[in-house]
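The two complexes that follow have subunit A in common; it is paired with subunit B in the first and with subunit C in the second.
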Partner chain A sequence: MNLKEWIFTTDHKRVGILYLIGSLAAFAVAGIMALLMRAELSTIGPTITANPTNYNVWLYTHGAVMILGFQIPALTGFFANFCIPLMIGAKDVAFPRVNALSVWLFYVGVILALLTFFIPDPPDIMWTGYPPYSTITTGNTAMYSFTVLILGFASIIGGVNFLTTVAYMRAPGITLNKLNIFVWCTLGAFVLQLIFVPVLGTAVSLISMDKYLGTNFFDPAKGGDVLTYQNLFWFYSHPAVYVIFLPFIGVVFEVLSSHARSAVFNYKMVVYGGIGGIVLLAGEVWVHHLYVSGMADWLRIGQMVTTLMISIPVGLMMISLVGTLYKSSIAFTTPMLYALGVVFLFLIGGLTGIPLAVPSLTLAVSDTYYVVGHFHYVMAVAGTFSIFAGIYHWFPKFSGRMYNEFWGKVGFWLTFIGSNVVFWTMMDIGVDGMPRRYYDYAHFPQFESAHQLMTAGAVVLGLGFAIAVLNWIIGAMKGPPAGDNPWGSPSLEWTTVSPPPHGNWPTPPSVAEDWHPYAYKKG
Partner chain B sequence: MAHEAHHGDAHAHAHWDTSVWPFVISFGILFLALAFSLHFVYHASFAAILTLGLAFPLIIAGVAGWTSEAMGKGEGLSYGAMGWFILAEAMIFISFFVAYWYTKLHVEVWPPAGNVTLPKVLPLVMTFVLVSSSLTIHYAEHLLHVGNKGGFRIWYLLTMILGATFLGMSIYEWSHLIGAGFTISTNAFSTIFFSVTGLHGSHVVVGLAIFMAGLPSVMRGDDIDEGFMRTAGLYWHFVDIIWFFVVSQIYYW
Partner chain C sequence: MESKERKGKQGMHKQLVAILRRTSVAAFGFALAASSWAAGPAQSAASKINDPARGWDSLWHEVIVDITIIGILFAVVTAWFMFSSRRTADNQVGASPKLSPASAVGWTVLPIFIFLSIDLYTAANGWVLWNHYRDVPADRLEVKLESGMYSWDYTYPNGVRTQNELIVPAGKPVMLRMTSRDTLHSHYIPDFRVKEDSMPGRVTYLWFHPTKPGEHLVTCAEYCGVMHSYMAGRVIVKSTDEYAAWMKQEETMLAAAATTEAPAVPAKAGAPAAKPKKT
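On to the complex of A and B.
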């Protein structure tokens, strides 16, 4: 293996693998931060550190790195890179060098985020960076701004690249109604990235400009307004959940339909109603993050309506997922277990989100563990499970080898049980009044046993993830050859050899008139 | 692009395309970010200068290497990509305008203390210059399309001159305002004024840099890729359109 051909590669599959390695490393670091926080919270008072700032730094790193360093790069970096050109029958992306630039900018962003542990006065402003604290803290706000800006720029050029690729480079015969659901989902996510990431970039630039360059965007004494930041920040950061949600539900569609050997139920409803609906509504709901910050009542009501409305397209997708399983022949492989896990966990997360859309309820549970539990069900657990489902599903394709099915299932059940223990308990004590983000909870001694249960659950959860990652590493090195199409899928990426060569196919593929990525042979 | 030569090659397996420049640029940007922290957060200005000494050569070498590697190998897709890129760019400007509107309509007293009256005539002249440059680049594209190389060169140069004139007027205005004590730190409005005009000005600079990259080929009379010209022209029109918003919102409202 030639290391130079990996580091300087412009091939979409290798760029994808680089994304995968980087995002899994980020996942490990951010996961350790979560375990450190859980360890700290396992008893009242100082447990493993007497310095609350350490806890804030873990909290900052956990949130920022999980979202910006793990989930978005794994979904829109690894899966998009590896799968999209193969699914549309292209030899590569439209701009291979831009692709390489985006993966290395991603690494630079992750390096900046990890420097947090080695620099004096690390950033301590959570992943949200609200002023006025972020503009007066002694922590290094500039590091936060640059991390977000660089990762954001990487995802913008990635988005431009993939939208151009799918628009112009589809193989003959692949019409828009024959694109894989994953491709559609990812396109929706990239459109959202292009619209909303620049706003986040602006928001985080403004706090550093205020802090270091003497501007007055958020300084009320000079005519500025702190709420401007919250609006700009959430204008991106709410759609960011759809940037994660769309590709991850796309992965689930691919895995579910493949391992149930059943066409996606009501394809057009998913594409135009589900994905289209989310893209249209994504930008109209951000104000529900500001219910507590204060605003006019009529705005609250309007935002409640749009927020509740977004459960309609999401509901269409859930109907389709369940409909796909109806009268199918389900094989309970490891990727299928993870995909079914997503359906189950996302349902819990989705249903517990509905009360949060309603201002009168949100005002009561805002800033409690209920919110933390809810978004960990929706984003963290469902998102991560789908990433794991996807990695297992395409593992034979990108490595050419097979993982170990037994250890795959062990890993799944450990994570499934662990995550329910942790996050269900969180919602439970949240409703009872446990506030979030606290380093210590001496005023809430009644929650100590619940915290200890969650710490135990987190250890089980971490163990399950570690087993899965080890399973991939060992499988990629020593697994038995997998063959070109172990799942018997008609989708185009399975028609080339495993792992695919440079250029993907010796001769450009074309598809038959009656071909469809979900046209499974019966029997 | 890089992979193109090997398409259809029976031995595609044997060779994987590479380019070092994306890697070089990325790490240049890393040092740029570190230099900012060193100077503004840790007040270690000497270390910051050393870091910048790493950052700039890497970025410049990266951009130059990339340009020379990719020049003339466009696949005609850059026009479509530029459309998406402009969507993202437009959102940056919209964020600034929204921040401006939100602040202006949300605070009790506006304008904040310390404001000066902005010139009313100069922005109109600047508008005239920038709109003219949009028309000249459009005409240049047309001349290139019909194959009039000499005419194309003249209108191309004229566009660059108009762009540079615009930039000069912007600098003139800035220096007058700063001389009168109206700086980016004066109040919330001065902050908006300098950041929005500065952001727009930086886009003019980028546009001029794109024209600059094409200049040697234009002067030599080489065959200019029409796709390149259409892409550069699209970007330039975008910069022009944004200026209308800057003038109407910042100078006249």
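On to the complex of A and C.
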């Protein structure tokens, strides 16, 4: 087991673990950025830096790296790579070498993102990169464009790979209605990536062309239009929310079902109503990010209706999550705690999104901490909790060892309490008018104590995450052997040895007629 | 045997169709009734000014109450299931009943119509309020705003200009026609529950209804550059008399400036919005 073997591996499980290591490194960097920002905001006026640009660079890095470097790669890189071939009984993915290329590109993208700290004029354009600022700033916009293009390309070739894998490499007997929910969710996410990433690629290429090559796509003085960028950007970046949401809710379904030893409630409703509904609606709601941008009134009203309708597929999934717990047999293990945490956090996050779907209500709270609190609940915290639930859940499978249950639970409670303190407070002062992306809040002295509370909460939150990551590192090195199927799950990935060898099974698996990934048997 | 089974299936299909029809009629009826009720008051009250800020407060309150009820409902059910389904023996597995095809469809269709009716009801309310936000009363003070890094520059209809201070009379709706000379900005007045971006190349607008004298913060809500968080100003609402006196004074100064052919400067030109405290 040497380094060269790992770098040039084509084994889907090792590619997945490379994705995991890279995305957790990105998570650590982006998390440190968050703590730096919270430290800066702990008092009015300059606290740890007197230069607002430093704060803006942290904010840019936090947003871009959390989304593009942590959540999307962890969910569609690590979980998809590690779980999908095992769940469908395949030896590997359809194109193993393309898979290796995608993880290399991912590392190039992450390294490029981290170079932000070593160049003289780092990008300070937020993860959205809106012109005209992004085309006139002294910050390095090209860095942003290339990071996005490379990570986007890595994701597209991953998408092609997995769609092919699930279409052609399922073990005999696994019909479409016997796929794990996670597999369905990831397929939905990759369909969205394949449709929408090119649009983002266009948008970020055009701002760099405007800035460095003298084109005028977004300069109204020379015939361009500012709003076009925002439309292009959100035409991808709202579906990107579902690229994160779908796999993360898929992970939650797997974890809840396994640790409650209960079949997913109304499987077909989740697959066709929930996942299908989200894939259908994903591309028709981006204008809700532009409710105060000066869009045409009829577009704002039209997309208010489509945005509100997102509550239908998401509501169906929530009903299924809760229904899965009915008359189940719940073991409150660490992964289960994180998964149950997602149910509550996502409930708060999802419901607080309803007012934001209404343009007339958004006119007051748009671009305030209310929005920031909402999307941290619904995407950042719920997403991260599900990633943590999934890592704990499959930890015995990919490492062959067991994590420490006590420290796992300590980590969970610290993050759960910390994140509620931070993001509930955030929504609260947002409604009262605290705008986002503020280096200093000199005009809002009434919020100083709330900001200090959030800083304290962020420290607790960070501590909880650090404990979880340490728990994995120590568990992977020194944990007791876990056995092949510690949770008693019928899902196919638990039928092979832990950790699975190259090729996954000594002889290719096939399934019985009455087999289903969620058919729990007493024993 | 075979025909019996087919008959059973046909019976089930009939049952499904009946369930579908009943639920859809009921849910659509409810949704339509709800939306027409929500749209009702707007038409009757068209004559007087609908202050969007007050409308915002009541709709916000209503939506927050709604989502709180839904949230508590879900949370209580989840907590109850968590409590009642604790694993008591190591080899225990879940004992939830298997859904029949009819109840599976019912559990899909019924929630869809419930959610859809809530959505349409919320949308109808939101649309009514939206029209209040976008229909500016004819009797109004119209001011041009040009935003720039990092100031708000207002121009009154008679040519009077101010910077970072929008002085308006109480009781009269104020409309801003906004554009920007550099990056995006967003003119956000928390007290009046309104904001809209300003940008180069397009003109956007917003309006609000100041009713009594006082001062209100204006702050930038769209990331516009390094000093974004210091870009602030004030809306100063004066009584009608005070406003008239102030405007007369400004007009005199403007006329004096014009006769001496001095370059036109903003009446309140001075330091930019604000600076960091310690640099």
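By definition in this document, the second predicted complex is superposed on the first by the 521 of 523 C-alpha atoms of A that agree within 3 Å, B and C clash if a C-alpha of one lies under 4 Å from a C-alpha of the other, contacts with A are read in each partner's own complex, and residues count from 1 in each chain.
As a convention for this text, a residue touches a chain if its C-beta (ideal position, glycine included) is under 8 Å from a C-beta of that chain, and two chains touch if they have at least 3 such contacts.
Please read all numbers here as calculations on a predicted model, not as lab measurements.
Undergrad: For the combined arrangement obtained by superposing on subunit A, do subunit B and subunit C clash, or do they fit?
TA: With subunit A as the common anchor, subunit B and subunit C both fit in the superposed model.
Undergrad: Now for A:283: first (subunit B), second (subunit C), both, or neither, which partner does it touch?
TA: Touch status of A:283: no partner.
Undergrad: What is the contact status of A:160 with respect to subunit B (first) and subunit C (second): first, second, both, or neither?
TA: Once the two structures are laid over each other on A, A:160 reaches subunit B alone.
Undergrad: Just subunit B (first), just subunit C (second), both, or neither: which does A:490 touch?
TA: neither
Undergrad: Using the superposed model, give me the angle at subunit A's CA centre between the CA centres of subunit B and subunit C, as a multiple of 10 °.
TA: In the superposed model, the angle at subunit A is 100 degrees.
Undergrad: Is A:53 contacted by the first partner subunit B, the second partner subunit C, both or neither?
TA: After superposing on A, A:53 lies in contact with subunit C but is clear of subunit B.
Undergrad: In the superposed arrangement, which partner chain does A:347 touch: subunit B (first), subunit C (second), both, or neither?
TA: The answer is second: A:347 touches subunit C but not subunit B.
Undergrad: Just to be sure I read the superposition right, which of the two partners does A:63 touch: subunit B = first, subunit C = second, or both, or neither?
TA: Neither subunit B nor subunit C is touched by A:63.
Undergrad: Quick one: is A:499 in contact with subunit B, with subunit C, with both, or with neither? Answer first, second, both or neither.
TA: So A:499 meets neither subunit B nor subunit C here.
Undergrad: Using the touch definition from the top, say if A:400 reaches subunit B (first), subunit C (second), both or neither.
TA: It touches nothing on subunit B or subunit C.
Undergrad: Upon superposition of the two complexes, what minimum C-alpha distance (Å) separates subunit B from subunit C?
TA: Minimum over all C-alpha pairs of subunit B and subunit C: 9 Å.
Undergrad: Across the two complexes, find the residues of subunit A that touch subunit B and also touch subunit C.
TA: Shared contact residues on subunit A (touching subunit B in one complex, subunit C in the other): 220, 224-225, 227.
Undergrad: In the complex of these two chains, what residues of subunit A are touching subunit C?
TA: 45-46, 50, 52-53, 56, 124, 126, 130, 132-133, 136-137, 220-221, 224-227, 260-263, 265-266, 268-269, 273, 292-294, 297, 300-301, 304-305, 308-309, 311-312, 315-316, 318-319, 322-332, 340, 343-344, 347-348, 351-352, 354-355, 357-361, 363-364, 366-368, 431-433, 435-443, 488, 520-523
Undergrad: Which of the residues in subunit A end up touching subunit B in this complex?
TA: Residue list for subunit A touching subunit B: 2, 4-5, 7-11, 14, 91-92, 94-98, 100-101, 103-105, 107-108, 111-112, 119-121, 140-143, 146, 150, 156, 159-161, 163-164, 167-168, 194-199, 201-203, 206, 209, 212-217, 219-220, 222-225, 227-228, 231-232, 235, 501-503, 506-508.
Undergrad: Given the complex with subunit A, which residues does subunit C contribute to the contact?
TA: Against subunit A, subunit C makes touches at 52, 55-56, 59-60, 63-64, 66-68, 70-71, 74-75, 77-78, 81-82, 84-88, 91-99, 104, 107-108, 111-112, 115-116, 118-120, 122-123, 125-127, 129-130, 132-134, 182-184, 186, 188, 190-191, 193-202, 204, 206, 217, 219-230, 232, 274, 276-279.
Undergrad: Enumerate the contact residues on subunit B facing subunit A in the complex.
TA: Going by the criterion above, the answer is residues 1-3, 6-10, 12-13, 15-23, 25-27, 29-30, 33, 36-37, 40-42, 66, 69-70, 75, 77, 80-81, 84-85, 87-89, 91-92, 94-96, 98-99, 102-103, 106-107, 109-113, 184-192, 195.
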